[in-house]
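Common to both upcoming complexes is subunit A, partnered first by subunit B, then by subunit C.
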Partner chain A sequence: MTDVLLVARSHLLTALRERVTLFWFLVFPVFLLVVLSLVFGRIGEDGGITFDVAFVSFDRTAGGFSDAIEQVVDDLATPAEAGAKPLLSLRRPGSDEDLAEFLGAAMVDVRRGRLAAIVAVPAGFDQSVRARLSPTAAPEDVPLTLYVGSGNAASGMAASILEQVFAGVDRAILARVGRFDESAIVPHRTTWVGSDERETRYVDFLLPGIILMGFFTNGLFGIPGSILFSRDQRVLRRYWVTPLSVPRYLAGLSVGHLTLCVLQYAILYVVGRFALGASVSFAALDTALYLVLAAATFMAFGFLIASLVRTATAGMAVANILNMPMMFLSGLFFPITGLPAFLTAIVYANPVSYLADGLRASVGVESGVFSPILVVVVPLGWIVVSAAVAAWRLRWDVGR
Partner chain B sequence: MNARSTADSALMRVTDLTKHYGDVRAVDGISFAVPNASVFTLLGPNGAGKTTTLEMLEGIREPDSGEIEIFGRRLRRIDRPTKQRIGVLLQEGNFEPYLRAREVIALFASFFRTARPVDDILERVALADKARAFVKNLSGGQKQRLAIGAALVNEPDLVFLDEPTTGLDPQARRNVWSVVSDLRATGVALILTTHYMEEAEALSDHVCIMDHGKLIAEGSPRELTAELGQETLVEFSADAAGDDDLGPLDACCKGIRSDAGLVTVETTDLVTTMEALLAWSRERAIPLANMTVRQPNLEDVFLSLTGRRLRE
Partner chain C sequence: MTAFRALLRAETRLFVRDRVALFFTFLFPLIFILIFGFLMGDVDEPEATMGLYVAPAASDEILRPILDASGLDRVVDLESVADLHSAVTDRAVDFGLTWDGEALDFLYHPNRVQENYAFSQIALGIADAFNLRRQKLDPILPVTSIHVGSEASTRWFNQMIPGILAFAILSSGLLAVSGHLTTMKERKTLDRLLVTPMPPVALLAAIASIRLVVVYASTLLTLLVSVVLFDLAFSIDWLAFTLLIFCSTLGTMGLGTVIALVVRRPSSAGNVANVLAMVMMFLSGIYFPIELMPSFLRVVSRALPLTYLADAMRFATGVSDMSFVRFWVIVASFLALALLLFPVLARYVVRPGRR
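For the complex of A and B:
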């Protein structure tokens, strides 16, 4: 028994002591989890993100609709409660600043991505709105203008939020003057589908994906790297002149590999749960078993690669080629809906897709795309096929 | 061949062992017996089949034909119970670069039913002060001593050392030699391969000279050199001397050869030969630079058997 445990320990120590492996197996997944959840996770959350917006009014009419718009924008720039972040951070012209110059400078900043948007109230805006409300006067169109930067995600989001806000303002005005019947609106409401009838936060969607990514790269690179390097460098050959058998070596390698996966999982879980506020739990027995299935599938996949190439260099090249498409066409990081047909075909052939879906379903984040039987059977199938190919093809020594 | 004479006390006996790679007969029907408590050496040039022979005896390769009898059991291929009792230093064997020396020894100790304490092993191969060093940071000689340590963890009855000093600097080579001498003193039987004549002479009790997959001579170093007769060799450097120059010397000696400026004269009558040489030198104005007089060694044995040198 000690031989299996010491082979496991050797595998683990080697992985943890080598800086390159340590980076890809532990540092990189944590980094990706933190970065993706910080960049995408805050969007849409209350008080989570603040847009830099400039406001300028060319309309001097006091107490009218121009002031009402300014009031709405001001409200959006005020925190909803003490300590929360406001939606907008406003930039306004100074009292003696030339408004046209201010607008010109703000537009440069929008183009450069320093401002998300500009809300400009044109001269004569108040008058124009009043004219529209009067049944007799022919309205002269002087529109409220929203300047947004093209190709800037923050700009696009700020624009759609502000457009919704102004549409609401518009409806309120029309309702007040009796031109808009609120009861005539088609009734609608939004319900979050999924467990607990709540919105899935991005970090809850992401965390299972990153954990799987960790297991995936670990199996894809770690297993062929370890076996092929040791074989090519005559490390394994040194074992075969002792009573150590291939099955016992394999048992040790597997124990070491799965221990590394547990370590990876523990670190990602702690970071996700306590630093990023994820609320998913992996504590249920079926979830824990499913994590083991996932780690075992990717490990088997590593054996498959090791069986099909001649050298460690070739193994790493194959792993690199498979890495990106298998990771990104699987729904690990982003939902996989609306992809072109040929990409969808890859998604359906990719074992990572089933494991990602099965794990999320198991922690209750998302109702499964695949059936609960498929998400177990397909990975098991990969394990059986990989094990069979490895038993048939994998060479344990050079030149034999 | 005098394998019969040592057969009774033999730890291992090999009969008609053969291994082919395609048309190449790497090992071509060799037979020998390894006596107890001695150093048994396979000496031969690179490509002679020494390593292939050892790999069959270590269980890495299966012979095409022939029989191995080891520890009183006849085997086609070395099995696990046999591996419990042997220690192996591979010619090309490595350890995980990110393991520490003591972790390597502990790992190998775990493969065997019985093993010596890790510190004993490190002490024995003079690596106690490197116990915590990573394999990748050890020098070539230290790595080789660690490998010998790994071959000794199970207190083997028979140790295989395949080219233990190839690629080492002279100091590291001497360290390995002293480890081998110490081992031999403890009564362990060793099988050594080498293409260094000095190594075979310094360490071996029994030498088999191997060439082109066959054993061509066998005996103790002293017996093998004695087969050349009561010869003495006179050597000197003479870059300027051509075959024409050497011609007149034929009469005064048993044999003469010139190789890369080094002239070797074989003689059974040293006085006559020396007188003739001195006269020849004065007459032709060819100085007898770096002249030495010595007894034949294993290199000369190999040369007389094959017409080639060990290291070419």
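For the complex of A and C:
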């Protein structure tokens, strides 16, 4: 038993002493969890994002609808409460500034991504709205203009929010002139389908995926790296002249690997829970067992790679090549739907896809892509196949 | 010249044999384009399918034309509320709507965390239009959106491709020095070369030439695949594009020199270069816009060379705009980095290995 624990300790210490290993196994998953949560977790939340927007009015009618639009935009640029961030950070023309020049410069800034959008009230806007309100006058088409940047996600979001705000203003004006009966508004509700009846937060969706990513990189790089470098540097050969047997070496390697997985899980969980406010719970027996299954699958996958290559350098090359496609074609970070057949085939062959689905299901963030049987059977199948191939092909010494 | 030719041949062979370098230069951008192209190619025009259940007692006379005009890809009629719940749960539809004559109830799958925001915006538009039309009213505040910018850049995926090209250039340049040269140093290959009549400049010129050719070919291949497979449009300024690749490849090799000098063990330099490239990739606005980042991350992003390289590549491929002055300042900065750091690199090549 001591030899098994010594091999485990050696594997663990080697991983923890190697700064690059530490980075990929521990720092990078934490970095990704934090960055993705900070970026995507704020979309749609009040005060999440402040958009840089310019406002210009060419309509000089005092006290008219153009002033009302300006007031609405001003309100959006004012924080709802002290310390909160406003929705808009507003840029306006100076009192002596030429409005056409201001608009031209602002359009250049939208094109170059320095502004999310421009709200422009055209000349004659007030008159046009009044004509629309009049039952007899024929209204001129003088629409409120939103300038948005092509292909700019922030610009698209800002425009979408502003359109909703102006639709609300539209209804308020119609109600004030007595044409829209607010008491007759048909309410619209939001229903979340499923048991929780609330929307899953992005960090809760992401955390299980990042934990799996940590286990995956650990298995993909850690196991072949440990075996192949030890073999190439003839460290294993020295082991075999001691009473240490191959099965006991493997047992030690597995214990060390699983301990590293536990460390990864603990760090990611603490950061997710306490720094990012994740509420997803892993404190259930089936979840714990599933995490062990995931770690074992990736460990077996690591053995498979180690058995298919001749040198450590080749092993790392293969791991590098497999790493990104397997991670991105698995639903770890975003949903995988609507893919063409050849990519769908990769998704279905990829053990990470099943483990991501299964782990999320076990913590209540189910995505329902695979059946509950498949999310257990397919990873088990990978373990069996990988172990069989490794037992058949893996060489334990450079000389053999 | 003979030394240069011999080194060029040797470097070409080395590069072709280096599977990791080949992967990261040629296959990595292509794999990313294939994955992201199919996953996110239509992110700007989401094809949302809505499940609809209208109670027998309710009329859908007003609702139907609004749904037809709402930009939905498809509306699937379902027989009951339970069927609608199942369809949303099983993802047969993206979101759902029940209309019972009294309220519009929009149903969402709680775990579609990255898509529900877009669906909810469509739902809000439907509810607004429905309430106006029900009272026989038209909007009095018509809003029109004008898209500003290059026609080529109307899709987010178009913006992503030049970012991927910029990343390929950065990795290739960094790893040419902090990876390839440092490995040569560690294996004492450089020491052996130095006792031959080879001038260090010939070695650097051979390495830089190979990287330039390979990076140029890789970027062209990536652009070609994205145009053919995903119908993307680029409006390439070939002079700007070529000069940007030339200067940025040399400039990033200069940055690789800094890593090689700072990192004590030559073998660790490649790892550090990999780590830095990967961190920069996520913070440089390549996969998600900088505008969506919190303010402190935007500051970090603005300090990274990859951010400027990606911006300049977007400009050179015609998918986004920037002033000519800014573009040429970026190109000149990379060239200046190269001019400043190549003499240092030459000294690094001839310096005896550290113990």
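Keep this in mind: the second predicted complex is superposed on the first by the 378 of 400 C-alpha atoms of A that agree within 3 Å, B and C clash if a C-alpha of one lies under 4 Å from a C-alpha of the other, contacts with A are read in each partner's own complex, and residues count from 1 in each chain.
Criterion: a contact is a pair of C-beta atoms (placed from the backbone, for glycine too) under 8 Å apart; a residue touches a chain by one contact, two chains touch by 3 or more.
Note that the structure is a prediction, hence the values are computed from the model and not measured.
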item	value
Clash or fit, subunit B versus subunit C on superposed subunit A	fit
Which of subunit B and subunit C A:170 touches, first, second, both or neither	second
Comparing the two partners subunit B and subunit C, which touches a greater set of residues in subunit A	C
Which superposed partner A:78 touches (first subunit B, second subunit C, both, neither)	neither
Partner chain(s) touched by A:116 [first = subunit B, second = subunit C, both, neither]	second
First, second, both or neither for A:311, with subunit B first and subunit C second	neither
C-alpha centroid angle, subunit C to subunit B via subunit A, nearest 10°	80
Partner chain in contact with A:230 - subunit B first, subunit C second, else both or neither	first
Partner chain(s) touched by A:31 [first = subunit B, second = subunit C, both, neither]	second
Lowest C-alpha to C-alpha distance for subunit C against subunit B (Å)	10
Subunit B and subunit C footprints on subunit A, overlapping residues	none
Touching residues on subunit A, where the partner in the complex is subunit C	19-20, 23-24, 28, 31-32, 35, 38-40, 42-44, 49, 51, 65, 69, 107-108, 110-113, 116, 129, 132-133, 141, 143-156, 159-160, 162-164, 166-171, 173-174, 179-181, 184-194, 196-202, 205, 314, 316-317, 320-321, 324-325, 328-329, 334-340, 343, 360, 365-369
Residues of subunit C that touch subunit A when the two form their complex	19-20, 23-24, 27-28, 31-32, 34-36, 38-39, 44, 47, 85, 88-91, 96, 102-117, 120-121, 123-125, 127-128, 130-132, 134-135, 137-151, 153-156, 158-159, 268, 271-272, 275, 278-279, 282-283, 288-294, 297, 319-323
Residue numbers on subunit A that touch subunit B, as the complex places them	2-3, 5-7, 9-10, 13-14, 17-18, 230, 233-235, 237-245, 397, 400
Subunit A partner contacts - residues on subunit B that touch it in the complex	58-61, 80, 83-84, 86, 88, 90, 92-99, 103, 106-108, 110-113, 134, 147, 150, 154
